[in-house]
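One chain, chain A, links the two complexes that follow: it is found with chain B in the first and with chain C in the second.
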Partner chain A sequence: MLSLHGYGPSIFEGTLLTLEVSLASLLIAMLLGISGALAKLSGARSLRLVATFYTTIIRGIPDLVLMLLVFYGGQMLINQLGPLLGYDGYIDINPFIAGVLTIGFIFGAYMTETFRGAILAVNKGQLEAGTAYGMSGFMVFRRITLPQMVRHALPGFGNNWLVLVKTTALVSIIGLNDMVRKAGLAAGATRKPFTFYLVVAVNYLLITTISIYILKYLERRYSVGVREF
Partner chain B sequence: MDLSIIIENLPIYFTGLKNTIILVSISLVLGLALAVPLAILRNYGNPLVQLPIRAFVYFFRGTPLLVQMFLIYYGFGQFDLIKESLFWPFFREAYFCALFTFTLNTAAYTTEILRGAIKATPHGEIEAAMAAGMSRLLMVRRLILPSAFRRALPAYSNEIIFMLHGSSLASVITIVDITGAARIINSRFYSPYEAFLTAAVFYMAITFLIVFLVKKLEVRWFAHLQPQSTKAAIETPP
Partner chain C sequence: MEERIVSVALDDIHKRFDANEVLKGISVSAHQGEVISVLGPSGSGKSTLLRCINLLEIPDSGRLLVSGEEVLLKKTRDNRTVPADTKQVERIRAKLAMVFQQFNLWSHMTILQNVIEAPVHVLKTPRQEAIDRAMMYLEKVGIPDKLEAYPAHLSGGQQQRAAIARALAMEPEVILFDEPTSALDPELVGEVLQVMRNLAEEGRTMIVVTHEMGFAREVSSRVIFLDEGLVMEDGAPEIIFNNPETDRFSAFIKAMV
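Moving on to the complex of A and B:
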């Protein structure tokens, strides 16, 4: 009943691209998230202000608007900067980079909140003990905060990841050949839009369901040392 | 930055604003109206009723809104059954399809929020209601729903904001909402900063308005949990 008219491999390629975009954005989001969280908890007022501004702005603007702003605006910016740097040709912005940067930037804000909460949940006394042993600030973070905050961050992190995967569907709008766009192309050629979009929907369900199982496993693993009440 | 483009074209943005508000408010109201009975059935219904509700929630929470919208807007036309039916004039319209998708999507998320809130009803309250001889329906109406709504409010306010942001996808299927207006301006004048930053300001203003209104509602709904002020205590002694 379900015939993909030979477009199976094409959809599969799109699925791989969706996964690539998701993982690359996740990496950026985590880097931004941890820096944002440290900035929010730091003593410097200016850093706190910047981080708060960042998270507030991101949560107020739709993903699609940000993505279009980065894609079209970034294109213009690069082409305005190009001549200043001595490059005369027209530069085409890569939709992969625009998509990954935008999604990473958006979810960096959500990760900031998740990581901030997780860092705050680490026992203060242990940090003081670390300092008392003469550890430097970075060493306290690496040896005490980081391993313990993972457990507190995992549930929020998992949620963000699931939302992030679904947000990657938007990159199809700026012309990236992810599975949504591949399905659109296949649908146009075969006049079977429902079939192809349903296949894509099922692919997303598979990705999210598998992710949930992996996250559950990780949560169990990182809670091994915790007594259950 | 050339703000005169924006000022001259503000009417397009206001059309967009109107469409965004209509889409979001109607789908939120209908979605909530769907979600309340679904959440009750999901908690208290028999397993055979629960199964389709679980599948509905699983599907709509596990797939991107964009794909759901494409499935309905482009996909439904694939079936002659739908094309020849009474509903085809509706499903042919982008506006109706967007509204339909958003309603089902927010209904699924809201069902899940309310399910959790209903499940968290303290046992003591239910036992008290049973001891007072309330019927199941009376209990739901007088006790379970009011207390669940209170618990669900913070999560639901997030859902309102997600719906507002999600509604920007309507612009993909040719609807002129705020994002759609920005896309028109961008393609007409090739001015991405002005066009999309203006849209961003509109969305931000609405987001902050929603946050403000929900805060007000929270103060009202959680009035009984606020610490009593000394002044009030003196003026109205227990």
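Moving on to the complex of A and C:
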């Protein structure tokens, strides 16, 4: 790889961190998404209300503002709670955790909508057949809903993932050494911002292009048994 | 009359959807080996009756016994009737295989996977045993060459026969058929009816909601005619078709011919 005025390895580390933040956030977003979707589709009014509140709030506030709120607000909250719990020192929020939590939380809301639509797209008769053959509700979900909703969820899921990867650029603002911040530092030191931000742009493009190929492959795999026209 | 084992017994079953009372007190029992055709105009409650038997619909009141075991129901605080024991319901459903109008095969699974799914995961049959049994039943319904195919690649008639193999693989006490030929193209109806006829001859207990008057008349051992949520006729086909007790049934027969 290019030495990039000696900053190559540093940018590479930043790229790895960007990937780590993305994947960790994705995991949280998926867990929240599937819980949110099930809550929205559940018979319990209270669950539906909580999930609707969640998606409305999250989708209505800019990602950057949310991230700053979680980072600084979380900091304040923890440091006010600390003394109450008998801890006197000042607690710094780990920016990695703050970033991952915020991004996971934001994209959990988008995933909720994606997964909800995907679950609704699964043929009701097939679910009923599962029930009629003695499956428990959980077994119907695991054996029938889940494998079929993947196909319906993948296009929306893919979009969310691409936007999520790009959103990780925001974590540089709360001081996390992702590739954007590393590039910023290198640009400042060498006075060659265009070079470094171009490298960053290409890196993002690489990640997203590879993602698109993987998603295409998954879409084909999960379309097994669907008649092609 | 000789002692016969009762597979399913319904006693004064009521079911309403909001203001619409669909079943107004149905008492019927099916004995082992009986093939019962349930006839009736649309909206007569015949599908609802079938769905109450395996608890896809929960009756509002009345008693339901499946192979001697009474289904335990309870009232919620807002006065809805729900099963008292979901494990019992799952156990009972596994004894009553169902064949649906729209086949409802699991589209992400091959035909073989469809047939072994519930035996393996619900009945906990060892996989190899389930596969052997599935092959046998796919042979019986005449599609042994389709086991690796996905449902979408089969004709409607083949899908419904696969669905019947899926039902047989549960080795059920009773097979419930919910208008099994109504979604089929006319030229495919015959092959499904032939499979059902073979099952009837084997002495399997079947409850069939149908519009196929030929099947009701020639294959079933008993016909029940439902209208407006009540049993209007109940008897051997040769008797009730020739001497309908109610005007409703004679009008129904005339309209169907």
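The criterion applied here is as follows: the second predicted complex is superposed on the first by the 226 of 229 C-alpha atoms of A that agree within 3 Å, B and C clash if a C-alpha of one lies under 4 Å from a C-alpha of the other, contacts with A are read in each partner's own complex, and residues count from 1 in each chain.
In the analysis below, contacts are C-beta pairs under 8 Å (C-beta built on N, C-alpha and C of every residue); 3 or more make two chains touch, one makes a residue touch a chain.
Not measured: the values here are computed from a predicted model.
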item: Fit-or-clash call for chain B and chain C when the two complexes are aligned on chain A; value: fit
item: Touching partner for A:R143 - first (chain B), second (chain C), both, neither; value: second
item: Chain B versus chain C as contact partner of A:G225, first or second or both or neither; value: second
item: Which of chain B and chain C A:V180 touches, first, second, both or neither; value: first
item: Touched partner set for A:I61, first chain B, second chain C, both or neither; value: first
item: First (chain B), second (chain C), both or neither touched by A:T167; value: first
item: Which of chain B and chain C A:Y133 touches, first, second, both or neither; value: second
item: Touching partner for A:G125 - first (chain B), second (chain C), both, neither; value: second
item: Partner chain in contact with A:Y204 - chain B first, chain C second, else both or neither; value: first
item: Most chain A residues touched (candidates chain B, chain C); value: B
item: Minimal inter-chain CA distance - chain C and chain B, angstrom; value: 28
item: On chain A, the residue positions that both chain B and chain C contact, one per complex; value: none
item: Chain A residues within the chain B interface of the complex; value: 57, 59-66, 68-69, 72-73, 75-76, 166-170, 172-173, 180, 183-184, 187, 191-195, 197-198, 200-201, 204-205, 208-209
item: Complex contacts: residues of chain C adjacent to chain A; value: 54, 56, 86, 90-91, 93-94, 96-98, 100, 102, 104-110, 117-118, 121-123, 150-153, 166, 170
item: Chain B residues within the chain A interface of the complex; value: 58-59, 62-68, 70-71, 74-79, 161, 164-169, 171-172, 179, 182-183, 186, 190, 192-193, 196-197, 199-200, 203-204, 207-208
item: Residues of chain A defined as touching chain C within the complex; value: 123, 125-126, 128-136, 139, 143-144, 147-148, 151, 222, 224-227
